[in-house]
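Before anything else, here's the structure in question.
Order as written gives the chain letters A, B and C; numbering starts at 1 within each chain.
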Amino acid sequence: MKPDVLDVKDLKVYYHTPRGAVKAVDGVSFQLFAEERLGLVGESGSGKTTSAMALLRMIKAPGKIEGGEIWLEGADQVLARHGGKNGNGQYAKGGKVNLQTLTDEQMVSLRLSAIALIAQGSMNSLNPVMRIRDQIADGYQDHGYKLTKQELKERTADLLNRVGLRPSVADMYPHELSGGMKLRVCIAIAISLSPKVILADEPTSALDVVVQRQVMETLRRVQEELGASVLLVGHDMGLMAQAVDRLGVMYAGKMAEVSPVHDIFTKPLHPYAQLLIASLPSLDVKGEFKGIPGLPPSLLEDIPGCPFAPRCPYKMERCEVEKPILKEVAPNRHVACFLVEGAK
Amino acid sequence: MADVVALSGTATDYAVKKDTWGNVRRYLRRNPSLLVGMFLLFCLLAFWLVGSAVYDTSRAAALSVPDTVHPPSAEYPLGTDRIGRDIMAVMIQGTMLTLRIGLIAGILGVSVGTIVAFLGGYYRGWFDTLLKGIVDVGLTIPGMLILIIIAVNIKDQGLTVDQMGLVVAIYSWLWPARTIRSQVLTMRERTWVEVARLSGVSGPEIIFKEILPNLMPYMLASLVGSVSSAILASIGLETLGLGPMAAPTLGMTIYWVIFYSAMLRGYYWWWMPPIAIIVVLFVGLFMVSMGLDELANPRLRRGV
Amino acid sequence: MPLDYVLRRFAVFVVVVWAAATLNFLLPKTTGVDPVSQKLMQEATRGGYIQQGMTQMMQVYREKFGLDKPLWQQYLTYMNDLIHLDFNYSISQYPKKVIEIIRDSIWWTIGLLLSTTILEFLLGSLAGALMAWPKSPKWLGYIFTPFLTLSAVPYYLLGLVLVYIFGFQLRWLPMFGGYTPGTFIGLDPRSLLDIASHALLPALSLILSAIGFWALGMRSMMVTVQGEDYMILAEAKGLKDNTLLYKYALRNAILPQVTSLAIALGYVVSGAVLVEVVFAYPGIGNLLYLAIRNMDYFVIQGIVMLIIFAIATTTLILDLALPLLDPRITYKGAS
């Protein structure tokens, strides 16, 4: 088992509205191992995008990270390299740094260099009035890399090449590129400083399936070249099945199950995951579409017990009063469910 | 289906309380601009209403007062001016008249503008091209100048206050037409409108039931802006001497102030009141339009 | 820059100027106002001339001003004259030509307008941008908010108040005129200082009033821009705050701001006209006012046409410059 690069413990992100605090992420824990691809799925409002943005400390008011630890491997080296002071936080085994203990300035220096983002809506993620080469270059500039014009040109050409684009793209403006090309540029930007963690937040949602596959292939290739890990957030189960090694399923701000992707699709443990997989249309079996009856709970109120309980077909009495905790019930299979715990 | 609702408690959670008055009050507290603006305008309205009930406003006509250019005294609280008018009376009347011009021009402008905007923006075709052409050309030429040309030509036929309003309206429909048209164009492509169209809902029904309600806050903001710029234009024209000469409007007062160099002669009671009222009027309109802007564009809410 | 974009902009320009000219020509004809007899009537009432010989005078003047020819001929002469910038003779200052009168005054207005517009646009936009930026100092907002409210008040009224405070009460600055009456103007330091001190109040009333308007516009553009997706990625790249502000946010927000400059030109000019009236500043605004007072119809026409022409030209220039700022425009074409 490879070492973990990112260790998220009990992350809490609340949005403070006039009507109360919305617990978008309520005690979420997971690990991202070296060179692996972890997927994060859930319905809209399950907290997956918020979790990813929290890693970058890009939660905007009225949202706030209320608690938890985010341990990033290799952050101290990146900080030292960019002239930032070493984190005044606690060091755990292997030299990991708890991001929560860093100052805002230090976080800013970690972005792109230690954790990079490929944003949702990559169609519009590029500055319309800047050329591509300038948008690649400003990442280097603002992170303290002093490169000559020639060096920049070479690096840019190399990056574009690695994502499958012609070097001439560098002189273009974003509106001259197709959706797939823009996404590749975003990937190029994301790998430009060789980060160890890449966050991809529904990057392919606006693309057709053919381009989608090509781009995901490209992403996989550059990830392997870099030796980086990818956290892929989304709600396209089909995409997840092909693109990730492990999959985390979130529900109502909590993590329901984290398992290898093959296991989740063939033998899901958490009832929510089971219903989710069951609802996926299949090419072999024809029949009625099955949904999951009911609605997700309001995140405003404090939910006693398991958030999925109202809709769970296997609900027990215990589920309504006690909150289940994510536990490893089998090798590499983590589930937060009393039913599953008991059975094993 | 009933058990679905029963299982999740969310149906009641998301129901908005029927306390509309409370909602309005809470909103006004979060949007101080709107509140302050409305208050200022209300004060002016009250000034006119109370004033015309209590005070003798006939003395706002020229040569109605024997002593000219008197500083404030017991009999004439704001003094008199060079053409024999009681300034307090002029202020009371003037506030209403200026507002009236603004309202006539503003309301007319927005109404006409909205109608043509909808006809052009929704139905497109030759009418829309023509409309766009007229509006583009019309807006390039500064409105003030158009109005000056027009006003100069009809000056000697004796302008009444209401006619002044109509003159200003000739220009004031252009801007609302343009902005509302572009909103209609965007709305038209929204999915719910397309759905309505495909469901066979008729054009006018779509306009009234789907598009119009969504544009309400926008049109309201447009109205305030329209009235505001109409008043601005009318005061500007009057200051130049192109308005209803005999009427005691605020703009004409400024005209006489300049004509008789009231500034240089230190007749502070003559020029201060109209300026003060105009300032209150514009600040009030401005704050209301700021407030409405926030209403129409939720991204501006809660400050930046 | 594609040809059809340029041609279209140019076509708008030509149409605007032509429409204005024609309107200018036709209006008095439709209202039945005859500028010459108007003026003569006015003179008559003022000077107490006797009525006899009035009709002969009118006939002579009519011929002189070409008002006895058929309509279409008058129109063609009018258009032809316009192209040559001949706005006919001034009625009140006959035999001076309108164009001469305008030429004397125009430099004052250009100087005033150009400097104030540039200053208020730049300062206002910068202030507005900073006000919308969450990481700016708080005091900026507090200082600037009164300016925002001030922008609601008409330029010239602000001018009146300023004249009163600084001119009348404090006697710091001259109250009217472009230069001390009776003196000669050259390029020497004394003249320049004189001009500057006379221009300060009019310039201030324009700038103070308008700066709030530009700030407000920029502020709301910045708010919109900050909600865009590219700002999210830019922040996720760990870019410095200054980079985000200037290269990403401001650079995009300035585009609609420049467009609104093109649109607001009309207001800028009419504001300046009225400010000149208040300060008796010897520009074409003041000229217009006096011409209205004196019923000098051709001067009025001439000034109005000139202003329209100037604005149309500036709008054209700005429209052609816009694609340089926004690379998307060249390809999408004007919408």
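General remarks:
Quick note on the criterion: a contact is a pair of C-beta atoms (placed from the backbone, for glycine too) under 8 Å apart; a residue touches a chain by one contact, two chains touch by 3 or more.
Keep in mind that what you see is a predicted model, and the values were worked out from it rather than measured.
Taking B-C and A-C together, the pair of chains sharing more C-beta contacts is B-C.
Closest chain to the protein centre (all Cα atoms averaged), using per-chain Cα means: B.
Averaged C-alpha coordinates give centres for chain A and chain B that are 51 Å from one another.
One inter-chain figure worth recording: chain B and chain C are separated by 23 Å, centre to centre, where each centre is the mean of the chain's CA atoms.
Averaging Cα coordinates per chain places chain A and chain C 55 Å apart. Across the interface of their complex, chain C is touched by residues 133, 136-137, 139-146, 148-150, 152-154, 156-157, 228, 232, 235-236, 239-242, 254, 257-258, 263-264, 266, 268, 271, 275, 278-279, 282-283, 285-287, 293, 297, 299-300, 304 of chain B.
Note for the complex: chain C touches chain B at residues 12, 15-16, 19-20, 23-24, 27-28, 31, 33, 38, 131-132, 134, 149, 151-154, 156-157, 160-161, 163-164, 168, 175, 219-220, 222-224, 227, 263, 265-267, 269-270, 273-274, 277-278, 288-289, 292-293, 297, 300-301, 304, 307-308, 311-312, 315.
The residues of chain C lying in touch with chain A in their complex are 228-230, 232-240, 243, 247-248, 251-252, 255, 325-328, 331. For chain A in complex with chain C, the residues that touch the partner chain are 56, 58, 108-113, 116-117, 119-130, 138-139, 141-143, 173, 175-176, 186, 189.
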